[in-house]
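The structures considered in this document are given below.
Common to both upcoming complexes is subunit A, partnered first by subunit B, then by subunit C.
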Partner chain A sequence: MKIEYQTGTLTLSDIGPLNAANSSTFREEARAALREGVTNVNIDLSQTRQVDSSGLGALIALQKTVGARGGAIRILRPTPIVYQILELTRLHRVFEIVRD
Partner chain B sequence: MSAVRSIPTTLLACEVECHLAAAAEACLQARDFLISMGLAAGELDVWELVLGEAVNNAVNYVRPEARSRPVRLELLGTGEWIESRIYDHTAGFDLLAKVDLPPEDSESGRGVFLMRSLTDELAYLQGHDENVMVLRKRRQPPVPLPPPAPAPESDGDIARTLDAMTNELASCYESLAAIFRFSSELQGGVTSEVFIHRWLTQLLVITDSDWFVLRLCDRAPHQLRLASTSVKSPLGMPASLESPEAGRHSVEALAALDHNDVWFEPGSTISREDPLFELVGRGCGFAHPLFVNGTLVGVLTLGRREDRRSFEAGQVSVAQTFGDFLALEIRSTQMQQEQLEAQLKTRDLEITAKIQHALLPDCLPSSPRAALAGFYRSARVIGGDYYDAVPVADGHLLLVMADVMGKGLPAALFAVIFRSLVRARCDLASRPGEFLGWLNKNLFPDLDQAEMFITAQLAFLDSRSGELRVASAGHPPMLVADAQGRIKEILAGGPPLGVIAGAVFPEDAFPSDGGRILMYTDGLFEARDPRGELLGLEAVKAELAESARTGESCDATRDRLSRLLTEFEHGTAPADDTAFIVVTGREPI
Partner chain C sequence: MNYTLICPTAVPAVPALSRQRPLVLAPFLGRTVLEHALAGLAANGAKVVRLLAEDRLPEIQAVVGAGQAWGLQVVFLSPREGAEILSREVPPGESVMTLDHLPQAPERPLWDSYQGWYEAQLALLPAFAAQRVGMREVTPGVFADLRSQIAGDASLVAPCWIGSGVFVGSQAVVGPGSIIEDGSYLDSGAEIVQSIVGPQTYVGSVTEIRGSFAWGSELLHLESGSLAQVTDRFLLSEMRVRSGFAAGLAGIIRGIGNRGTAPDALANPPGLARAGGRFLL
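On to the complex of A and B.
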């Protein structure tokens, strides 16, 4: 996973599948990257072929952590299947989703 | 011909060790199997996801004593269907006919929902020792290639993705185009209300919504007031934001107080007291709070009728973008308005200050019987204090001190009227009581209507006899000090002007020779020090007495009292205007 910082925003990219096998690792690595001064988090899902229910759980857990700091999560460029899953589970209401 | 026909079927059956890494490997094998069956990319993604959910559940919830037993995965494919069976050794669960989503902030509980939503059939059979989950999904029919069909990869999935992307692009383009169009209209001076309504009507079309409601935020009382809507029926009272509880009775208030979108759909729990109950209780949609730099501007609510499906992500983000842009426009208009009001207020203050300044005499006249010195200081908010010394026939002098109740332009205007009336009837100067009666009669209707009053004191200084005749309308007493520093208060009191129609004002008369006389407004003794303590009349009297004993000049007494004020206030900004006149009587020459 690639971790970048830019004035208060953390961007995570090169993320593999977010499923039961690796979502807790993602959750821990993302939390560790949330250093002081970071309010918003961009999660680039363009390289993520799959997000299952535990991957969604990890995203929501991260949203809670970030929300407690007054920030928000933006999901960038989700693949069609991941976008479909976010919409199906109505989490497009919770996350800002940027498709381009 | 046989009554039984065999169907070409392909089967994958495997045993998976009971841990997550093995489950992941099994899903990849299943994917390869489905690729070999010719499934489309989108179908493969879905199958990989639902098989993962099923096998992971079998691993995660296995009974402890069964951990050594493998999970069995079977996949069976025909030309029309794919069916999968996953055999687990968990305690099992009851699969409900309808699977709901958990709350949005719940981190778990979406697995079964995904399996049900993404497949055509889902069943769960519980056995004594082993349970089976059955997932069935019809295969996508191969999409006939449109002639001349140049794209070699074209299939249903790509076509749908392209459709979705086209729609998305189209809605992005539409919203951008609309933003540009409306921005240029704004510059053309379209009034705010018309602009907002057209803007939101456009949004209805772009997002395929049935209705909108926009409420803007009032500061006092803190509430959401209806600004624009497409709904014809009445929408109830403004939604109050005064208490944190307000969110329980209004989705709009909840969105404003929580700083978050609030979603509703048929079946959502909506308070009957919600001003939008009739709308949000029946359809689906969301309330989007509009913030600009942390300031709540309002709440935009969009909805669809109950028979329609909920909003797609693209439509939601277009609506949010539209709403946020609108909020910026509204806030910037509000700020221009506030700036304009502040400018008008400053202008108002400037005019008032000019009037105030014009009221005061440039220099006080001299009299053979008395020396005069005046003092005037305006407070931050200009009021209606006024003093004057008017030479009248035969070298006599009329001294005037008045205080119009209230501040700002209205008070200053009454001061102007009062001054004009006084100047117009100087023939009444020698009878100050009668003069006040006449002023009261003329001012009463206007003061009464404006619910204002004026306190005033008139003193006639007879240049021949040195006698001072005083009458007062609700004004603080005149102070007279003799050479020994003894102080007398001359009240000569009637009611303030504008309080009682036909009031009578008694007069008092005394010789001015050798005396030191102080006429003043209440700003003098009501000055406050930094701790908020009042100066008080006694301190003024003491200073006047001291001044009289030293026999200093009239100007020196004025400076002494001015110093008393400055030193007492010690930098505290005065709350009220202050005016006073010092008169020192001379022996006749």
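On to the complex of A and C.
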């Protein structure tokens, strides 16, 4: 996973599948990357072609953590398959999503 | 009039429709495309239909049989016989047709796109509902089978079709433009808009299906053709079909106070028991 910082915003990209096998790793790495001063998080899902409830749970947990700091997370460029799962679970109404 | 009906195997524009079953057995308003086609040919006066089908032929034969259901004599052609018929001039009193449209709606191509396949169903929905035994129009444009069970606080928005054995849970929303095929289960709060839910499909609580075809664990976006495989059974999955003995045993176990696991609850959901087999509208 690629981690970048820019004036209070953390951007996570090159994220593979977000499923039961690796969502814990994603959650831990993302939390570790939340330095002081980071309020918003961009999650680039353009390389993610599989997501399940564990992966969605990791995104929601991160949303809660960032929300407690007064920030928000944005999902960037989700693949069509990921967007379908976000829509199925109605999370497209919870997260700010930038499709292109 | 005798017909030779050519069944396409796979069509590049709609590959997902032939993943689970042969293309001509794709669900279409309570039946398969092929069954509707045979009904249409019978209504046009056909007596003998020669079928040229190659993809998963035994599955097609199991659905069609010898054609008695439509008062037809259906004969399956071998590829050699099919090639012979196609190479000669069509004699008077015979017709050759490719199953890329239904006889009931020749102006509507079925396989040009997923959206076209969906729109053909919407266009034929009132006519096919009128012909189907057990289907009734509960409010204008809302058709539900008598053997479906619909929670009193569910919303049905025209046009929509709710097939036989379908359960629509509390506060679910169906429509506009939605087709729920036979034996499917929409859990409470599920919302199905401009979509098709295929046969025997469980749609989880508070999910939203929009502009899509959901069948088993597959979710196909009708416009883009994107196909997502849903791995969480509580969101979208195929309903388990169990043997009579297993289902009976599970019923006995539930009867003595064990509510069972989630899959058991799906096989005989608590809502169905409360409904007592009544139509709840």
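One rule holds in what follows: the second predicted complex is superposed on the first by the 100 of 100 C-alpha atoms of A that agree within 3 Å, B and C clash if a C-alpha of one lies under 4 Å from a C-alpha of the other, contacts with A are read in each partner's own complex, and residues count from 1 in each chain.
Keep in mind that, in the parts below, contacts are C-beta pairs under 8 Å (C-beta built on N, C-alpha and C of every residue); 3 or more make two chains touch, one makes a residue touch a chain.
These numbers were taken from a predicted model, which means no experiment stands behind them.
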State whether subunit B and subunit C clash or fit side by side on subunit A once the two structures are superposed.
clash
Could you let me know whether more residues of subunit A are touched by subunit B or by subunit C?
B
Report for A:96: first if it touches subunit B alone, second if subunit C alone, otherwise both or neither.
first
Just checking: does A:10 make contact with subunit B only, subunit C only, both, or neither of them? Give me first, second, both or neither.
neither
Subunit B versus subunit C as contact partner of A:18, first or second or both or neither
neither
Quick one: is A:73 in contact with subunit B, with subunit C, with both, or with neither? Answer first, second, both or neither.
neither
Against subunit C, colliding segment of subunit B, chosen among 40-48, 310-318 or 544-552
40-48
So which positions on subunit A get touched by both subunit B and subunit C?
19, 50, 52-53, 80-81, 85, 87-90
Which of the residues in subunit B end up touching subunit A in this complex?
20-21, 23-24, 42, 45-46, 48-49, 52-53, 56, 60, 101, 104-111, 113-114, 117-118, 161, 164, 168, 261, 263, 286, 310, 312-314, 316-317
Quick one: which bits of subunit C touch subunit A in the complex? Just the residue numbers, please.
206-210, 212, 219, 221, 224, 226-228, 230-232, 234-236
Of all residues in subunit A, which touch subunit B in the complex?
19-21, 49-50, 52-54, 56-58, 60-61, 63-64, 80-81, 83, 85-94, 96-97, 99
Going by the contact rule set out above, which residues of subunit A touch subunit C in the complex?
19, 50, 52-53, 80-81, 84-85, 87-90
